[in-house]
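Right, I'll just put the structure down here and ask away after.
Labels run A, B, C and D following the written order; every chain starts at residue 1.
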Amino acid sequence: MNSIKVRTDLALEARESMEENARECRGVSVEEEYRKESELRITKVVIETMNGAKAMGKPMGTYITLEAPTMAQPDEDYHEEISGELAKQLRKIIPDIEKELSVMVVGLGNREVTADALGPNVVDNLTITRHMVKEYGKAAFNKKQIHMVSGLIPGVMAKTGMESQEIIKGVVEKTKPDVVIVIDALAARSTKRLNRTIQITNTGIHPGSGVGNHRNAITGEALGVPVIAIGVPTVVDAATIVSDAFEKMMRQSGEEPLEIQDELLAGLGELYNMYVTGKDVDYEIKQISHIICTALNSALEI
Amino acid sequence: MNSIKVRTDLALEARESMEENARECRGVSVEEEYRKESELRITKVVIETMNGAKAMGKPMGTYITLEAPTMAQPDEDYHEEISGELAKQLRKIIPDIEKELSVMVVGLGNREVTADALGPNVVDNLTITRHMVKEYGKAAFNKKQIHMVSGLIPGVMAKTGMESQEIIKGVVEKTKPDVVIVIDALAARSTKRLNRTIQITNTGIHPGSGVGNHRNAITGEALGVPVIAIGVPTVVDAATIVSDAFEKMMRQSGEEPLEIQDELLAGLGELYNMYVTGKDVDYEIKQISHIICTALNSALEI
Amino acid sequence: MNSIKVRTDLALEARESMEENARECRGVSVEEEYRKESELRITKVVIETMNGAKAMGKPMGTYITLEAPTMAQPDEDYHEEISGELAKQLRKIIPDIEKELSVMVVGLGNREVTADALGPNVVDNLTITRHMVKEYGKAAFNKKQIHMVSGLIPGVMAKTGMESQEIIKGVVEKTKPDVVIVIDALAARSTKRLNRTIQITNTGIHPGSGVGNHRNAITGEALGVPVIAIGVPTVVDAATIVSDAFEKMMRQSGEEPLEIQDELLAGLGELYNMYVTGKDVDYEIKQISHIICTALNSALEI
Amino acid sequence: MNSIKVRTDLALEARESMEENARECRGVSVEEEYRKESELRITKVVIETMNGAKAMGKPMGTYITLEAPTMAQPDEDYHEEISGELAKQLRKIIPDIEKELSVMVVGLGNREVTADALGPNVVDNLTITRHMVKEYGKAAFNKKQIHMVSGLIPGVMAKTGMESQEIIKGVVEKTKPDVVIVIDALAARSTKRLNRTIQITNTGIHPGSGVGNHRNAITGEALGVPVIAIGVPTVVDAATIVSDAFEKMMRQSGEEPLEIQDELLAGLGELYNMYVTGKDVDYEIKQISHIICTALNSALEI
C-alpha cells in the first residue's frame, strides 16, 4: 500500500507503517511500558536479524523511544521525570559506563534554523569536563571516578563545505574518546510526535533514513568507537503530511487509492525541500534541549 | 468550491482563488508589468469599492506585489534591481514623502522563530536618524532635508502579554510620527511564493486575514496616522497545503470533491498550529531582510 | 580628594567613596546583615533627606544590595538562596503586592552587547500572564488571586531613535500597569562587584548617575506609577579603573596625589567610551539573569 | 623599563615598545606606506632572524598591518578600499594561490562573547565551495579554475573540553587542505588600535603571545600545512591600560617609576581576567567581520 516512500527517522513509526501481518516478523522484538500517572510511554524496539532490518528499513540494533504528550510544556517536575528516565536509559545503553570513560557529545544541525538547532543547543549547555580533568586531574571534582566529557558542534555542510562525518572522524582520531553520543533533530511521519518523543539508539545516525549514502553515516563502524544517537522529531516532510492526509481520506471513503496516488506524487513536486513544524517550535526546542542536557549531565556523572 | 477557507495574506492570491467570472467584478482593478531580463513581476491590485473588498476578503486600498523567482538567492546585482524597484514603489505609496517626515518603522514578529523574524531583522539593520536629528539637527547629515526615522520591535504577545497594537499605539501617541511602516512575515497559499514575493499595501495589517478581531488591527484608523505594510510570505499553513494538493488531485481525476472534503477537514485537525516552510528559510529570510532594509534606507533618504 | 568624578550606579559604593566623617551625615541610614554560611551580604541604604541625597549624589529612597562572591558561579542550590532572598526583598519593596496588580517588567539595554543584555535576557525568560488573564480570567491559572505580568524590551536609542523613556511612557499610558519594574545593567566602581551584586531600589533609573538629564529618567515621577529598579553592575568605566589604581598606589607611597591627577585626566581621554568587563561575562550574565528571573516569577506569584 | 610584561598580539606594537636603540636591531625590517586620501596605513614587519624574533618576542615571519581610523564606521565605499587592499595582501601571502587550492578557513573564538566573536562571524558569512566542487565539479561555477573553500568554527575550550588545535588538526588530517587561514580576535596594547587594525601573518597563532605553551599553537609546524592568520585587536587587557596610563604619567612628571611599579602590580591583581573594550564593540565587530569576509571571498576567487 505504501507506494509513496514515507520518510521517518523513528523505528517506532517504521514499525507502525508495516503491514499488520509483517509486524510479527521474526527478528524484531518490541517491549512497551506505560506510566499512567505521568503519561510517559517507553517503547523498546530491538532489530535482531538482517531480515528484521530489511523489513523495518533500519539497521540492526536497539531503539528506545520515550513519548510524553506534555514533554515540551512548562511543568518542571514533570520534566524531571522524563530526564530522569532518559538518564536511566542512557546509562543502560552506553557501553562500559561503570568505568571511567572519555565521552564526546556531538550536536548535529544548524543553530540558525530553529527546528534544526536541537543538537547545538544541547551541547552549548552541557557540563564539559575533559579539559579540567586533563589539567587538574579528578581532584578538581572531589570524586574517585569521573568521565571526561567533550563537546563538538560540527555545523552543516552548506556552511562548512565538509561532511559532518569527516569533521567528527578527524576529531575522534585526534582526541580518542571511548564513546560518541550524537544529538540530532529528526523527521517524523506524524505531527502528533513532533517535540513529544525522544529516541535513543545504539545504531548511530544514517543520513537519508538509513537508505543509501553510507559514506556519511555517523556510526560505530564509521568512527571506530561505539556511537549512541539521541534524536527528537522536530519536523515532518511536507510531502508526508499530504500523502498521509490523502491516504486517511481514501481509506475513510472506501476507495482504491493506488492509481490516483501517482498523479498526486507529481503534484507534490513543489513540496520538495519544504517541511512542516509547529508554531511554538522555538519554545519547545528549548524545553527538550533542557531535558536532554539534564539527562546527559546526570547520566555522565559517576 | 471553496468550502475550506484557505488563508492567504496576499491580495494577489485572494484574487487568484476567486471564481473565474467573479474576477471581473467591479471595484477591483489589476495592472501587471513583467520585466523579462530580470524576471521581476510587479502587480498592482486596487480594491476600490466595498463590493470589491467583500469579494476579495480584503479591505479597500492598494496592494503592490513584487515577485521574482531568484529573490532569495545570492546574486547581489539582481537584488539591487529588486530593492531599487521596492524603494520606488515605497516612495509612491508613502504619503507626503517629498516633505520632511517622521517615520516609525515597526518590525512585527518573533525574532527567535526563523520564519517569523523578518520584521525584527529589518529594523535591527535599518539606518535610524530620529535621535541624531533631534540632538544635532539636519546639519549632522549635511542635507537640506531629512526624514526622522525611528524603529520599534514590539515583540509577540506570548512574550509581552500585550497586543502589538497596544504597544505601537502607545509609542505613536508619545513620539508622534507622520507615518508608520510595518514589516511582517505573511502566510501564503502557495509554496511557490514563499520568500519570492514582497507585498506593499496602504491598508496596514489585519490580524486573522482581515476577518474579525479589529481590536488589534495595525491600521491608519487604529493608530491615527497612515500605515504602510510591507509583507513577505514565509510560511504556508499546513492545512492549506493538504487541501490544495487534494483539490488539484480531485480536479485532475474529474471527481466531485465537495462531499469528501468535509471528512478531510476533520482529519486535518492535527495540522492546526502547524506550518510549512522551506529548508533554506534562514538564509532566505536574511537575503530578503537585506533587500527590504536597503529599499527602506534608499526610499527614506531625501 | 575625589577630583576625578568617579561613576557608580550603586548607592553602596557612593557611600563608600564618601569621606569618613561625611558618612555619619544625617539623612542616610544603613543596615547590614551577613549570612555566614551562604556568604550573602544584604545592605539596606535609606536616603531620607535632601541633604542625604546631596551628599550621596543619589535621589531619596531605599537601596537594597545583595552581594555574594559566588553569585555567577554554577551552584544551583546556592542560587536558590539568592533568588529566594531577592524575591523576599522584592515583595517588601513593591507597593500593594498583596493586592492583584498589573506589573510591567521592562528590560533595558542592548541584547547584542553581552554586558548590556541583562535586561532583555530577564524579560525574554519571564512568565508572562497579562494576555492569558485578559483572555481567560483567573480561572486559567486555578488561583483566587493573580497578578497580570507584562514584559517590554524597548531597545537602545541608537537602534530605535527614541529615548527608552518615551517608549515606556507610551506603553504605560496605553496599558496602565500599577507598577513598573525596570531591569538594567549598571556601572560599578570596583571590579570586585562585577556580576556579584544585585541592587533593588524604589527610585527608578536615573541616566548619568542621577546627575543632570532628568528628561530621560525612568522614575515614578516620569511614568506616573511606582517604579522599582533591579540592577547588576556588569561593567566598570575604564577611566575609573585607572584612577582607582592610581589613587591606591599614591596612598601606599604616601605621596600627595592631587597635582598629578590633573595630568592623568588628560591622558585618560582615549579611555572615553571604553569599559572593563570580565572574561566570563557571557556565562555570568546568563547565571544572574536566571537568578533575577526566578526571583521575579516567585515574587509575582500570589 | 618594561618591568611589567605588557601583552600585545600585534608585531607593530611589539616593535613600538622596544627601546629606541633596539629598534635598529638586525633581523627586523620594516616598510611603511600611507595613503593620504583614504587614511590607510600599511606596515610590513619582517622578522628575519632568531635574534630579531627574540628582541620582538614574536616568531620569525611576515606581519602586515592595515590601519584605518574609520575602519569600523559605516562608510561602504571606504570599506571597499580596505577589503580590496586586504584581498591584495592575502593573495601575496597565501602560498601557491595561482594554483587550485583547498583552503580551510578557521574562525577561532566564542560566538557568545561579542569581542571574541570575530572569527565565528567571518566564517558564518563566507562563501563555502568545497562541497559543491566535490559534488558537481568546477562546472557548477562556470570557471576554469576554482579553489575549494571549507570553514570550521571549533569553539572555545571551556565549551568543547578540547584544545582548538586538537580539533583543527584532526579535521586537517581528514580533509587535507593545502592551506589553513585562521581568523581570531587579538589583544592590543593601545585602545587607539581597537577595531581599527587588521594584522595578517604567515606565522599562525601562538597562544599566550608566542611565549610558552607551543602544544597549542596553530602554526604550519603544528598542522603540517601553511597557516595564515588574520587578526583584529578587539580588547586590551585591563592591567595593560592601567600600567600604560601610569607609565605615561610618571614620564610626564619626570619621576623614576621602577620602584612604585612593583606595588602597582600587586594592586592590579584584581584586574586579572578583566579586559577593556569599546562601547560600540558589537557594531564594530560586525563591520570588520564584513570587511574580512569580503576580502577573503575576493582573494579566494580565482
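Here is the rule we use: a contact is a pair of C-beta atoms (placed from the backbone, for glycine too) under 8 Å apart; a residue touches a chain by one contact, two chains touch by 3 or more.
Since the structure is predicted, the reported quantities are computational estimates derived from the model, not experimental observations.
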Counterpart interface for A-D, drawn from B-C, A-B or C-D and sharing over half of its contact pairs: B-C
Centre distance in Å when chain A and chain B are each reduced to the mean of their C-alpha atoms: 37
Centre-of-Cα separation between chain C and chain B, whole angstrom: 40
Centroid distance [mean C-alpha coordinates] between chain D and chain B, Å: 43
Residues within chain D bordering two or more other chains: none
Arrangement of touching chains [line / ring / star / complete / other]: ring
Complex contacts: residues of chain D adjacent to chain C: 110, 112-114, 190-192, 194, 236, 238, 241-242, 245-246, 248-249, 252-253, 260, 263-264, 267-268, 270-271, 273-282
Chain A-facing residues of chain D, complex: 123-124, 128-132, 148-153, 155, 157-163, 166-167, 169-175
